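One structure coming up, written as structure tokens, with questions to follow.
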Amino acid sequence: MKTIEDIRRDFPILGLQVNGKPLVYLDSAASSQKPMQVLNAYCGFCESRYANVHRGVHTLAENATADYEDARRLVAEFVKADPRGLVFTRGTTEAINLVAQSYGRKFIKHGQAILLTPMEHHANLVPWQLLAQYTGAELRFWPMTEDGRLDLDGGKKLLDSRVAMVAVTHMSNVLGTINPVREIAEMAHAVGAKVLIDGAQAAPHLPVDIGGIGADFYAFSGHKMCGPTGIGVLWGRPEILEDMDPFMTGGEMIREVWLDHATWAEVPHKFEAGTPPITEAVSLGAAVRYLQQITPEWIAAHDHALTELAWEKLTREPGVTGYGPTDNRGAIVTFNVDGIHPHDLAGLLDREGVAIRAGHHCAQPLMRWLGVQATARASFYLYNTPEEIDRLVDGIRIAKKVLHVV
Amino acid sequence: MKTIEDIRRDFPILGLQVNGKPLVYLDSAASSQKPMQVLNAYCGFCESRYANVHRGVHTLAENATADYEDARRLVAEFVKADPRGLVFTRGTTEAINLVAQSYGRKFIKHGQAILLTPMEHHANLVPWQLLAQYTGAELRFWPMTEDGRLDLDGGKKLLDSRVAMVAVTHMSNVLGTINPVREIAEMAHAVGAKVLIDGAQAAPHLPVDIGGIGADFYAFSGHKMCGPTGIGVLWGRPEILEDMDPFMTGGEMIREVWLDHATWAEVPHKFEAGTPPITEAVSLGAAVRYLQQITPEWIAAHDHALTELAWEKLTREPGVTGYGPTDNRGAIVTFNVDGIHPHDLAGLLDREGVAIRAGHHCAQPLMRWLGVQATARASFYLYNTPEEIDRLVDGIRIAKKVLHVV
Amino acid sequence: MEFGSRKRYCTLFDLYSEILLDHYRLPRNKGRLDHPTVTVEGTNPLCGDELTLDLEFEGDRLSRVTFDGKGCAISMASASMLTEILQGKTIAEVEKWIADFRAFIRDGHAPEGVEMGDLTALIGVSKLPVRVKCATLPWMTIEEGVRKYRGS
Amino acid sequence: MEFGSRKRYCTLFDLYSEILLDHYRLPRNKGRLDHPTVTVEGTNPLCGDELTLDLEFEGDRLSRVTFDGKGCAISMASASMLTEILQGKTIAEVEKWIADFRAFIRDGHAPEGVEMGDLTALIGVSKLPVRVKCATLPWMTIEEGVRKYRGS
């Protein structure tokens, strides 16, 4: 079993000095850092197995194709899903757009409803707004409790037979709320609705079991789970994917092409038009292997302990307001400090080498719900330590002094 | 100035032994290999500057954003285009789908026509087929001369005021034909049509001047020009991009988001929904810097010399038929050997360490035009040598012997 | 980053074995039957392989089978081997062979207790997704032929 | 691949200089005017910065300017500096200052022959795309105010 020191050594960037101080990276919810194992996989593949996939009959093309398809299987195993339903996309955003367009435009009609929550990331909100405008379907929003959880009873009232799609995040990227997606899927299926789960924050941090959840669609991004940018995943039930029209068209996704029409390849290839993110898939496979080795369970426990500690230390600081549930939260603490604009807080923490995020976190409607313009957000991952939380708290104290808030 | 030996040393994979023979990689038209400079840029960025872009105010986020936007400028300079019109996509395929959907669905109407050519890659054909089905617009096909060039007079007859879009490849990925895109753009603009050029094969091999061509849209892929997979470029005239609706929606591409509607960011960001391929953009920047250093002019001359040599040697071989124009061709030689299925040819060449492509090359309509089911294709790039062409010719002779064709 | 100058090797199973080439150069049962019970055609649009099988049944026995067509060495050799093996077999045996061949290609080894004979030469395609379709084309085509015969 | 244990450094220009902090802590001309000629509001939706400028013109001279609002230290300090510099300037001078400030932020240095005074403290944002909007908000807002006054 690796120790936290071993893990930190796997991430070359963590040795960086920022503004004269050792880097404390507390922005993994925006994007995680990459371990050597992933960079080595990237370069190793390019050095000895690289070619375009799926059409070539030479050795490199065969090897590259095998590695690409192995990555599909590895990633599917990681989230306990049927690899036939696993489509590589650029990220969560493309995955959700794909469903909203290819499923939504074909199957969601005027008079039906799409049920969302007010805590969705723009990626799981705006595509549905456009679909609603296109089809005339209605948007509904699941009510929330004061501490930022979904009000299950309130949601039940909105779930009638007109609801065609329930799209909800597995873990909020602002409040850290972990939603009961399995119950939600059950409730949705009971009225005949399909369920899409935005797993962008959950896949990196929780053991995910797509089969167990019963999701019809599940989306996540490679770059937040130690993998590269440029790749993400849409998982969909193969039988649903088969009924959907393609999202993009071109090479690789066709069966036969004539001048005026074409027929499609089987799923998942039907949804992978053009040269796919080959090296990114192989490297995401390496990331998943890395996380699997450390185990999602260890990561969840580690994240949980850090988050509890951070919540406790931060909310004990005078002038600090924390947002979201007080327990069972994901590896995110979102807060504000009285009298300090979150951008300034992040700027002044950066002088101390501490990287946090400040802003609306791509969740403007949730900011309005919280009654704030912006917040600060510290987020944790497998490489963070309790000492780094002390550095955060110290940094906040310094910021207060600099801005004469105390 | 680098020698060819220096260049070959930059590409670690070229040292590989395949099936006991030194690798001869003649499949760059499908995807090029990657130089160390690009792999170093990839890893270097991940080791010391990586974070998500455009929202963070900490040092890493600022550095990553600066590098990402620098890459946009570098790539725009490489093709002599205004960086404000340069959108990073996953590749050529996404770029063309973006135009067909975001431009096409809004501006191309029933009764209008889309003018294509029979030599298009599926990526520049199928998206227009779907658009024609969606809008009721008509598809027209530019006639070709016997040797696989566009018949300019024949095309002129099809170019009337009903033509809304002319979409044509800069260089054919099968015939190697280099189309007179500047004249085509002029002809198209004269009747008020917009022009999209598929530069997937041209951008790696020719000095490209998008401004000089006068294209309205120009698309290409990183992975064919020494860059990584997972990234490509759509360049569009900024004023046209501004009038278009977004293609995908989510984070980064919005200005303000409410529960039921949203407004968009400025171009090019309006078309980059979600976390973009950050490391891929930075690495594409490095690829472009590498190509720029060797100079597109040197590469074009090198490719041209190899292609002439290959054409001559191959078509002198008994039983070999070459396809496409006999001169002024891009770095591609497509051919068949009597009595040998191209898959077998590729398979038997692979035994000799020679990697070529065999199949329909994502251009099934062109295969029908040529009257063949499939062809073999050898393609060249800056790292190939005349000796490698001899290895190809030797391999073909061996294949003939093995299959008792001679 | 260090890129070693160490030699790196990369080798695939050799598809073009002597057995395979022998079937390709000297195909068994190639041609058409005058009075087939059933004729079935198979194509592999991606490669352009085209195959016609003529099947002559006597009761529940496949008394004769011939193939014609054009395609790559893998599909043609696979067709040749198929005719040699299945000639004279009962329908039940034919169906077992089809299932065994499927499993052989999918798993990369012969099913428990099955002797694959010349077909062993095709083992390499199980690692080559692009060529699997070539090797299996004759087997999927005869499967349809049997279905047709049973249905008639 | 080798990842050195060598220390690597990474430093940005310090945005929170003493001059900037001084304007933030002790803002000049903060508050509202009783009878402004023109009032203009500016917002930066991404950060939530909100700014109101009250402008009092006498002929072609900006006799008084005050600001009110909330926002980050960069936008508030920039507004404070703006009021101090533009108070009493002619409209032509105000417009030149707006153009000079734009160029200063865009180019990362003062335009030829221009002395930027306290504004020099804002130079750091020119390398920080995310913060540029904060620094320029007051300047874009007053630009609109001048336009309004000219139009009226």
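Each chain gets a letter, A, B, C and D, in the order it is written, and its residues are counted from 1.
Just so we're on the same page, a residue touches a chain if its C-beta (ideal position, glycine included) is under 8 Å from a C-beta of that chain, and two chains touch if they have at least 3 such contacts.
Here the structure is a predicted model, which means the values were calculated and not measured.
A.B. asks: In the absence of chain B, which chains stay connected to one another through touching?
C.D. replies: Connectivity without chain B: one piece.
A.B. asks: Can you name the chain that lies farthest from chain A, using the mean of each chain's Cα atoms as its centre?
C.D. replies: Taking each chain's C-alpha mean as its centre, the farthest from chain A is C.
A.B. asks: Could you please state the distance in Å, as a whole number, between where the Cα atoms of chain B are centred and where those of chain D are centred?
C.D. replies: Computed value for the inter-centroid distance: 45 Å.
A.B. asks: Centroid of chain C to centroid of chain D, CA atoms only: how many Å?
C.D. replies: 76
A.B. asks: Using CA atom averages as chain centres, what separation in Å is found between chain B and chain C?
C.D. replies: A distance of 37 Å separates the two centres.
A.B. asks: Please list all residues of chain C that touch 2 or more other chains.
C.D. replies: 1, 3, 8, 10-12, 131
A.B. asks: Can you list every residue of chain A that touches 2 or more other chains, as numbers and ranges?
C.D. replies: In chain A, the residues touching two or more other chains are 12, 16, 18-19, 23, 39, 43, 47-48, 55-57, 59-61, 256, 343, 347, 350, 359.
A.B. asks: Which bits of chain C are touching chain A when the two form their complex?
C.D. replies: The touching residues are 1, 3, 8, 10-12, 45, 127-131.
A.B. asks: Under the touch definition given earlier, write down the residues of chain A that touch chain C in their complex.
C.D. replies: Per the touch definition, chain A meets chain C at residues 43, 47-49, 54-57, 59-63, 65-66, 69, 255-256.
A.B. asks: Can you list the residues on chain A that touch chain D in the complex?
C.D. replies: Going by the criterion above, the answer is residues 12, 15-20, 23, 36, 39-40, 43, 341, 343-344, 347-348, 350-351, 359-360, 367, 372-374, 402-404.
A.B. asks: Could you list, by residue number, the parts of chain B that touch chain A in their complex?
C.D. replies: Where chain B meets chain A, its residues are 12-13, 16, 18-19, 23, 25, 27, 30-31, 33-34, 39, 42-43, 46-48, 50-52, 55-61, 90-94, 96-97, 118, 121-127, 129-130, 132, 139, 141, 221, 223, 228-231, 248-252, 254, 256-262, 273-280, 343, 346-347, 349-350, 354-359, 361-362, 364-365.
A.B. asks: Report the residues of chain D in contact with chain A in the complex, numbered from low to high.
C.D. replies: That would be residues 1, 3, 5, 7-12, 14-16, 21, 24-25, 46-48, 70-74, 131, 134 of chain D.
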